[in-house]
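Right after this note come the structures.
What follows is subunit A paired twice: with subunit B in the first complex and subunit C in the second.
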Partner chain A sequence: MIDTSIILQAVIDGAGVGLIYGLVGIGYCVIYNATGIVNFAQGVFVMLGGMLTYTLLTSLGLPMIVAVAIAIPLVGVVGVVIEWFIVKPMLVRNSPMFAIILATLAVQIMIERITIMTAGDQPRTFHEFTAGGPLRLGPVAVGYQLIWVLVCSVGLVLLLTLFFKYTRIGNAVRACAQNRDAAALLGIPVARMLAVSFALSAALGAIAGILITPSQYTAFNVGVPFGVSGFIAAIVGGFGSASGAFVGGIVLGVAQAVAIIIFGAGYKTVAALAVLLLVLLLFPSGLLGKRSEK
Partner chain B sequence: MTETTPMTEKTPSAAPLLEIRGLSATYGQVRVLKPTNLSLFEGELVTVLGPNGAGKTTLVRAIMRLVKAQGEVRFKGEDVGRLATHDLAKRGIVLVLEGRGLFGSMTVQENINLGAYTATRVELQERRARIFELFPRLKERLHQQSASLSGGEQQMLAIGRALMADPKLLLLDEPSLGLAPRVAAEILRALGQLNKAGLGILLVEQKAPLALKLARRAYVLTLGRVVKELEAGEIGSHHDIAQYYFS
Partner chain C sequence: MTLRSTISAKPQVWATALAIAVAVALLAYVFGRGGYVVTVMGFAVIYGVFVTGLNLFMGYAGQASFGQNAFAALGGYGTAVLCADYGLEPIVALVLSATLSAVIALIVGYPTLRLRGHYLAMATFALGLITYELSIEQSGLTRGFMGFSGIPPLGLGRFQLLSERAQLAVFILIMLLGVWVARRLRGSRFGRALLAIGESEPAANALGIQVFRYKLVAFVIAAVYASVAGSMFAHFVGYISPEVFGLSMVTLSFTMLYVGGIGTLWGPIAGAVLVSFLPQLLRGFRDMQDIIYCLALIVILIFVPKGLASLWSLAVRRSDVPAER
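And then the complex of A and B:
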């Protein structure tokens, strides 16, 4: 019989990783809502966030806050470059959606290969944002990095909500998501809004990568697992729903962590896919997805 | 919605507000709009009539660069044929789409505010006040989701939102579509008011009697081609427009 405190610890740790999946999942939703595209290069933003921060910390010796402040916009620029040079030309030529999705997958692989050639294939990590810890809360231990993950994730979701609801650009991105022609007819530069959505999504991925690297590691190939988990989180929550992706991420992270404790590490992926299938069977539009949407 | 003296007649010597020459558009291999000429002078309300599939919607979408088109489009004498849709809106040409093109999950207020995307905060407040004067019902529905409005209210919102962009030329694609006759008449009455205030309007309509009550000139389009142009004096006396609908 497994001790309850071990399960509880797994739930806490799983929720921490799940918050990261949630951020990646929200990244998928931001792009999907604005363009209708599933960007399979989403995981690569997580990898780049961690790798760039590591490089800025170690090679240039920059303080953490400066490294983070440089890495996030840089990854945002990568997102804009992908939109500008890959997605936009394909949209203009009315390429089929599956072709655009495949193109983003190709971008993911390309960036991974470039990362191996320039930064090597060894895993990298950097120190936690706050030294010391963990906090003891009864039978469970909560690392300071987990608190950082929690605070940053919740803060980001709140900021994104405010951005999309109350800012001119946020409303314009939402408008483009609903009817691009109507948006353009009101003077909204649709192409620029699509670039904004890629930049935002890439920045979210980068933040996820920076937050998770101290407690795990980063390497050229972490993009795929985080990308897949974030994608599952978005589907579980209801594809297109940012709050759904957030909840989906936590559900997924907790399910994986508990499955590892109960059944062993090999069952991590089985647990993720079981959650996906179960949710799709019971809630075909996801946990928080709109039932009436096509 | 700038205040100008309404024109009573077309002035041939003045440069048209909108002039299109040889505008054509294709969907795939099919040429839906054959080379078309059309002009609209400042303060005019011109209607484009024609049966279903005549190419009316393609015409206005081609003007706004929502479909690939060839030919010349001039606005206030300037060639705007190569501008992007959002730049045309900034120049003062705004189209109210067939089906209204509202952002359904957004509130009336959010839709209205997006209409003034390029405006300053002060301009936004001024324009909102004018829109509410024209369509008081929108003010009552401000926080309601636009998808939940009635058809007539949605059309008012679509026109109101377009007016928030402070157009010099308003294009409307079938604004009476799907509306009860009384509501359609109300919408067209509002358009008449706007035109009297000096706004140039290009009205695409299938319901000829409604449109001809307002229009100063009319173009009849069938099978992607202008087959008849009716001048100011001819509209009231012309009774054979129906033949183009059934020919």
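And then the complex of A and C:
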């Protein structure tokens, strides 16, 4: 018989991972809203965030805050490079959507291989942001890292909302999302806004990767599971709003954690797909309706 | 390609003759030389079957499946388990696994094919990942990470195809059969409906085509092709592991489709042969192989999205024949 406190603990930890999925999911939405494409290489940013921070911490011996401050913009640059060299030429040529998806998938594999060649194929991890813990709340333990995840992700969502609502660039990106041609007519440099959205999305992924690495691990191949889970989180949340992606992420994280307890660790992705299919079956019109509007 | 009205047949005849000559020369070289070239050609033919099926679903119907490797895995493991553990005839095992794949494609396709665009891509992608995880987890059946070895070669009754050359010859026949079926399908009512769906779903719908049903059938057919390819692989190598049917199979097959020319009959086969032999030319780049593949794929996707087939239509066009779609 499974103890209720174990379930409760799983729910707490699952929600923590779910917040990370939410961040990745928001990354998808940011790019999708601006360009109308889904970047399958989204998970790679999560991996790069963790791996780069690890490398900066260990081989250069930098303090955590410096390593993070370098890693996040670097991953942002990777995002811009992908946009510049792959996505933009394909958008200009009106490539079919599947071709663009495939190209981003190819980028993901390329970056994974390069990571293996430069950083090895071993899983890596680094210490938590603050030592000590966990916090005991009755029967469950809450690690300090989980609190970091919660604070950072909620803070990020707030910042993003403010950014999109009150800054010039944020408004410009939103204008591109609504109608790219009209935005261009109004003098908004659309191409630059697409680059901004890729940079933003990559940075979000990197932050997610840095936050999750202490409590799990990072390796060249963590990108795909995080990418898939983040995408499912975004779909479950309705593909668009940041808070929706968060709710989707938490639902998914909890479902996975519970599935692991009941069925075993190998069934993480199976649980994720089950959630996806359930949502699609129960709310198909809501999800498809959004696409057919266009 | 075959449907095009041949007002001036000449360039097409020449191009066809050239293509056949190249194919015959290649086969003569492969069978004459023997050794690893036969192995490489075997993989090319197996992938040829795989991408011919995928092409029906992607090239004709304009859908995307990023999880076709799931059905290849089903075919491969079905053949492995049924032949090695239960001693079934290879042909029986192949048909049984293909039937199982078709049934599963039907069950999985029913909810997922209602999705469109990115949702479909991601749902099928997840399908491939799940099969990969299951093939590791269900180690009682699949022997997990270590892989499944001791799969007998293709054969019938007491007669076994012991040499790789003989297996390759049979494989080529299977592939030709697959291409022939695909060609028949393309010219049929079913194929024309798929092409209409690929052009525009709302338009096809307005013409009275039951879009969802046709998509589902195309998906099931593609799954059967994939499953047969998986079975062929298991017989050919005698060993399979979850890694064989992993993510690289997806990118490899897509590379073949796009290099050869998606939506054409022979393009995918040409792509399969070319992409299979390419690494032999690029030896010495062992670690870089995947990177070069992906880079080549991206360049092709950006600059020559119609692949080798666009060369073909350049050679064939010239007259007032309308350009390929």
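FYI, the second predicted complex is superposed on the first by the 283 of 294 C-alpha atoms of A that agree within 3 Å, B and C clash if a C-alpha of one lies under 4 Å from a C-alpha of the other, contacts with A are read in each partner's own complex, and residues count from 1 in each chain.
Keep this in mind: a residue touches a chain if its C-beta (ideal position, glycine included) is under 8 Å from a C-beta of that chain, and two chains touch if they have at least 3 such contacts.
Here the structure is a predicted model, which means the values were calculated and not measured.
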### Query
Who does A:Q178 touch here: subunit B (first), subunit C (second), both, or neither?
first
### Message
Going by the contact rule set out at the top, does A:R168 touch subunit B (first), subunit C (second), both, or neither?
### Response
first
### Message
Which partner chains sit in contact with A:V157 here, subunit B, subunit C, both or neither? Use first/second/both/neither.
### Response
neither
#### Entry: Partner chain(s) touched by A:I101 [first = subunit B, second = subunit C, both, neither]
second
### Message
So in the superposed three-chain picture, is A:L211 touching just subunit B, just subunit C, both, or none of them (first/second/both/neither)?
### Response
neither
### Query
Given the touch rule stated above, what does A:I188 touch, subunit B (first), subunit C (second), both, or neither?
first
### subunit B or subunit C, by number of subunit A residues touched
C
### Task
Determine where on subunit A the residues touched by subunit B overlap those touched by subunit C, and list them.
none
### Message
Per the contact definition, I'd like the list of subunit A residues that touch subunit B in the complex.
### Response
168, 171-172, 174-175, 178-179, 181-190
### Message
Using the touch definition from the top, list the residues of subunit A that touch subunit C in their complex.
### Response
32, 37-38, 40, 86, 89-90, 93, 95-103, 105-107, 109-110, 113-114, 117, 224-225, 228, 231-232, 235, 264, 266-270, 272-273, 276-277, 280-281, 284, 287-288, 291
### Query
Which residues of subunit C touch subunit A in the complex?
58, 64, 66, 111-112, 114-119, 121-123, 125-127, 129-130, 133-134, 136-137, 247-248, 250-251, 254, 258, 287-288, 290-291, 293-295, 297-298, 301-302, 305
### Query
Of all residues in subunit B, which touch subunit A in the complex?
64, 66, 84-86, 89-90, 94-95, 97, 101-106, 110, 113-115, 117-118, 161-162, 164-165
